[in-house]
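Every chain is named by a letter (A, B, C and D) in the order it is written, and numbering of its residues begins at 1.
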Amino acid sequence: MEAPAIANDTTVYQPDATLLRAEVGEKRLREWLYTMHLIRAFEEKAEDLFARGMVHGTMHLSIGQEAVAVGAAAAMREGDYLLNHHRGHGHCLAWGSDVNLMMAEFLGKETGYCRGRGGSMHIANVEKNNLGANGIVAGGLPISVGVGLSIKMRRTDQVCLVIFGDGAANTGAFNEALNMAAIWDLPVVYLCENNQYAMSMSVQKAFKIPHISLRAAAYGMPGVTVDGNDVLAVYDAVRQAAQRARRGEGPTLVEALTYRWRGHSKSDRQVYRTRDEVKAWQARDPLRRLASLLGLSEAEQTELAQQARAQIEEAVAFAQASPEPDLGTLMEGVYA
Amino acid sequence: MREITYVEAVREALAQKMREDPTVFLIGEDVGVYGGAFGASAGLIEEFGAERVIDTPISEAGIAGACIGAALTGMRPVGEIQFMDFVTLSMEQLVLQAAKIRFMFGGRARVPFVLRMPAGSGTGAAAQHSESLENWFVHVPGLKVVMPSTPYDVKGLLIASIEDDNPVIFVEHKLLYKVRGPVPEAMYRVPLSKSNVVRPGRDVTIVAISIMVQRALQAAEQLAKEGIEVEIIDPRTLRPLDDEPILDSVVKTGKVLIVHEAVKTSGFGAEIAARIAESSAFDYLEAPIRRLGGLEIPIPYNRTLEYHAVPQVENIVAEARALAQLKV
Amino acid sequence: MEAPAIANDTTVYQPDATLLRAEVGEKRLREWLYTMHLIRAFEEKAEDLFARGMVHGTMHLSIGQEAVAVGAAAAMREGDYLLNHHRGHGHCLAWGSDVNLMMAEFLGKETGYCRGRGGSMHIANVEKNNLGANGIVAGGLPISVGVGLSIKMRRTDQVCLVIFGDGAANTGAFNEALNMAAIWDLPVVYLCENNQYAMSMSVQKAFKIPHISLRAAAYGMPGVTVDGNDVLAVYDAVRQAAQRARRGEGPTLVEALTYRWRGHSKSDRQVYRTRDEVKAWQARDPLRRLASLLGLSEAEQTELAQQARAQIEEAVAFAQASPEPDLGTLMEGVYA
Amino acid sequence: MREITYVEAVREALAQKMREDPTVFLIGEDVGVYGGAFGASAGLIEEFGAERVIDTPISEAGIAGACIGAALTGMRPVGEIQFMDFVTLSMEQLVLQAAKIRFMFGGRARVPFVLRMPAGSGTGAAAQHSESLENWFVHVPGLKVVMPSTPYDVKGLLIASIEDDNPVIFVEHKLLYKVRGPVPEAMYRVPLSKSNVVRPGRDVTIVAISIMVQRALQAAEQLAKEGIEVEIIDPRTLRPLDDEPILDSVVKTGKVLIVHEAVKTSGFGAEIAARIAESSAFDYLEAPIRRLGGLEIPIPYNRTLEYHAVPQVENIVAEARALAQLKV
């Protein structure tokens, strides 16, 4: 099966790349590309550590989806809030988290963001208004209502970015949260990272509509679908949604079309999809895409990738040198 | 002292905290102009406006999530679930999110909110509007569970719960709302996790919660006429539980009856019985522990059936008397 | 405030009344009118019994909404399933239930449909495929998915009619159930009885969309809004939806615009709405409307009403003469 | 006898019932070509087709409702909740609908279905994928709760549960899936509500459920070397509970230890302790009852912390030894 021809799809928002590019500027674009490489390097290392039996637990890799994380985070401001989900390493890195503390958390160390208590699915950094990844599909959606209400009551101009998967759009929480955010014009951006599958359930089987963004109309909020492998498109759509929210005009549902290159989690034989489909999507590598936009040579790209990997190696070294949580602290952190 | 009803005491606690603390707000179904299904927030939207007294669509998961998200970002929400039965729709948010966020984040977050809800039968509302599910929450580390039995306690405990930095499941009782009792007008706190010896006695210890405290007190008066002096203890906060007064009382009386409205099997009484049976008070027990709880059925609609589905005064009298008369 | 001008609203389905009327025929229409009178008489009697302290519990009256119940039930076939909600006396009567057994249940008697265990909010008659009213808003929606699946697997041509309120459309269950029914083309008709309020919450406050039927698009199913006080319109819309379901083409969302004349339940000061609004809607009495369509004189209408009241009196007599459940049976019926 | 794993036994029970009874079907997330998150339905869609092995969207309330509606209309569904944690999203359907429909309808309806779900920690999945919530369901009249501890039991109990005319909450354990044991190839039933004396002994009674039965058996071997003979009882069905074998054992040994993975407070062990303390077996107790349960914390991610958050073999050994050595 061929991957959907997003480029010529008139139902997919196609921003003016040249304008955007000029506006964002080479420098930032290069930073974005580096972050995308950093995410990929983090995920590849996570996979490698896992394969070598050095990780206890599971993980959900976002390889192939880097443009969504980077484009969305770039569209937000200092002080804004983030709620994301189980496949959240990329969002967390793009949000500006410390790679060392993330890797330490992934390895369950005391120096990790959550002192090794949370792990891959629960990395949070409340100080930076990163309210955490969530192991429960759509678990962050009802919470976003409270964050939005709190922003309104505190009269700040913050916005809450909520990132969830296509699978989350079929949960009960989706209906309750998006409706509440809509009727109260809450400053929330709902970003649905549609990577075509919820575990083994394809969006074709799980939905009877061509775009998840069409559900926005059920709440009287704007909805838009963008190419999730085009970092500029994601950036532009999320930025417009965030501006709308900041103006007090309420929430927006942004759907980013992308693809999960790896299996759902540690053990997935991927019998529910074909190699060709995976290949077709890999041909749309968001990293190469941005690199070619920037006109980078193979050599330059390899160098970026190596820089990223080097940074990840340092993070691993930091994490491995970090102490395990002290058993004496086991009961800590339950009650404030 | 001035006497007001239980529901008026709830309302007063809410109003006083809202006046004092701008981060406190109410959210729930029909809490606005309707004043709440049982009138707990009557008049509050008039005083505090629609931004701090928020009517929601029928979205119990959304209400819980709204409390969590606001609490995580600096507010102190007080949510209302119209009937405790409907909290079955909020369990994921309460148990997997609210209770665990702080721990999962390495102790680096706080989720201070209160979720109020009325439990209990006796109004003819049948099986889906009469649940008493408090023990589910007692099983969940990270949550606090408060279940007041008097107008005085409900005001003081609600204020203390709103000021607590943790998620508090605050369980009221439909039949208590109209009960009157002395309540100071000024703000005051009843500390969480402090059990209350409601009535001293030497013969039998009765551990009762919520409306069963009232019924136990009536039973105690009848028993007193028979020369049986029961000691009644109301834990008030079920989690974290202050069990010392209970154990001390058992050491003194040697006989204990535990009473709650919730279904007996795996109800809160089981935990109390277990705490006693595994404590040093065990050696002082002169008779098997007795539990009186709801029957193993859903709450029936028919008034007579409904009445007999949960412990009443006469049942408490009979059980306590049997215990007291037990020759050791 | 004036009630919305449904008649001239092009977004509301306006069937050809003359055609329909001819097709249904005077005889059936008269039967429908009688049933509508019977429902109103039942509700008025329930209210009266309640006022006289003869009922323990609460009740939700459907006075003003009779056309929805009668039109919808008339559109279904023998053998079809019904799942309805707390405001369900009318649906139950329209479904052909025995008034005596209903009244006995309302009064908590052993002879009632549920042996006095269920009461007003839980009247069911499983033998007649009336799977019961529900005290939980949207409680029947997830169940409808199972009924639809079962019909498909058993290869029958049954259809399941699910009646719920506007409030139910904002619950999580709505999203999960309607999506599942849609992706599997289940033979279910979702009938949303929009009586403008969920307790004190107006649809204007609870929704940011003009019609709840617009949510059908979120599931790729057809949605239609009809005048719920026009029994023929309800009949026609539900019938088309049922036919579609029977053809294996899947579910439909039908929204019937109507109005609750009484308070939400026993105690409701109705401060959330104006007398004028209530009056404006009462001017659209579904009973008078059908009566005038049938060209009935005042006298004829009064007679119908009296017949209905007489039948209700008999039901009350039956119920009052019926025994209370035997206390010895208290523990019965928990496990099969 | 042939040995297979616990998860293979689950699969075999499902396949055999589906072959025998056309009204039995499977529904849940990824139960189709994926074979279920833990492989319980691997290969079944190939044999029975997509109409009887139904992949759902992520809709836990919908899955429960699908079971209820199908059961009400003549089918015998077997639903799967991918992790027990997610059943927090199905509580309204299970507790207010499935458990109550028959009673509310005057005993005139049946809701025969099984909802399978894996509980427990030990896989590093952290706080939101490690819950053990069985005792919530034990508190609910109208539900049955089954929690098998061996490959033999899981097959026989699953078949019996599918044939039962009531809603059955069927709780498996992630760490048990790979455990091997003897399992007959033919269909057989292990009756519900029949506790099992897994190991006879005279000194201490250990009541354990699910994976704790396995750990208790290992502990028993170590203790036997010290001359301490423990009797292990596995209730298998938690509701309705067959408590006679437990009480008889306590009468015999006079000492009892209750072990489960779920958080200790208000866990199933509390009910067992209460049953003993209020029974005639109470008089035979020679020592306070002991409970060993999960710590009062969410399950941590870090492997070492996770290990110490729930009872392990060495903890059971220590507790049982202390009990046995207690001089009376």
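One rule holds for everything that comes next: a residue touches a chain if its C-beta (ideal position, glycine included) is under 8 Å from a C-beta of that chain, and two chains touch if they have at least 3 such contacts.
Nothing here was measured: the structure is a model prediction, and the numbers come from that model.
Student: If you tally contacting C-beta pairs, which pair wins, A-B or A-D?
Tutor: Ranking A-B and A-D by C-beta contacts puts A-B first.
Student: Compare the CA centroid of subunit A with every other chain's and tell me the farthest one.
Tutor: C
Student: Averaging only over C-alpha atoms, locate the centres of subunit A and subunit B and give their separation in whole Å.
Tutor: The separation of the two C-alpha centroids amounts to 41 Å.
Student: State, to the nearest whole Å, the distance from the C-alpha centre of subunit A to the C-alpha centre of subunit C.
Tutor: The separation of the two C-alpha centroids amounts to 45 Å.
Student: For subunit A and subunit D, let me know how many angstrom lie between their CA-based centres, rounded off.
Tutor: Between these chains, centre-to-centre, one finds 37 Å.
Student: CA centre of subunit B versus CA centre of subunit D: separation in Å?
Tutor: The answer is 30 Å.
Student: Among the residues of subunit B, which ones contact at least 2 other chains?
Tutor: Those would be 56-57, 59, 61, 85-86, 89, 92, 96, 103-104, 126-128, 141-142, 295-298, 300.
Student: Quick check on subunit C: which residues sit in contact with 2+ other chains?
Tutor: Where subunit C meets two or more other chains at a single residue, that happens at 114, 116-118, 122, 134-136, 139, 170-173, 175-176, 179, 183, 205-206, 334.
Student: In their shared complex, at which residues does subunit A touch subunit C?
Tutor: 170-176, 179, 182-183, 205-209, 214-215, 217-221
Student: Note which residues of subunit B are touching subunit C in the complex, please.
Tutor: 29-30, 32-34, 37, 55-61, 85-86, 89, 123-129, 295-298, 300-306, 308-309
Student: Report the residues of subunit D in contact with subunit C in the complex, numbered from low to high.
Tutor: 23, 25, 27, 51-52, 54, 56-57, 59, 61-62, 64-75, 77, 92-93, 96-97, 101-110, 112, 141-142, 144, 165-166, 240
Student: Which bits of subunit C are touching subunit B when the two form their complex?
Tutor: Going through subunit C, the ones touching subunit B are 55-58, 108-109, 114, 116-122, 134-139, 167-168, 170-172, 198-201, 205-206, 268, 271-272, 324-325, 327, 330-331, 334.
Student: Which of the residues in subunit D come into contact with subunit B in the complex?
Tutor: Going by the criterion above, the answer is residues 85-86, 88-89, 91-92, 95-96, 99-100, 103-104, 126-128, 131, 133, 135-136, 138-142, 239, 241, 262-263, 265-271, 273-274, 276-280, 282-283, 285, 288-291, 295-298, 300-301.
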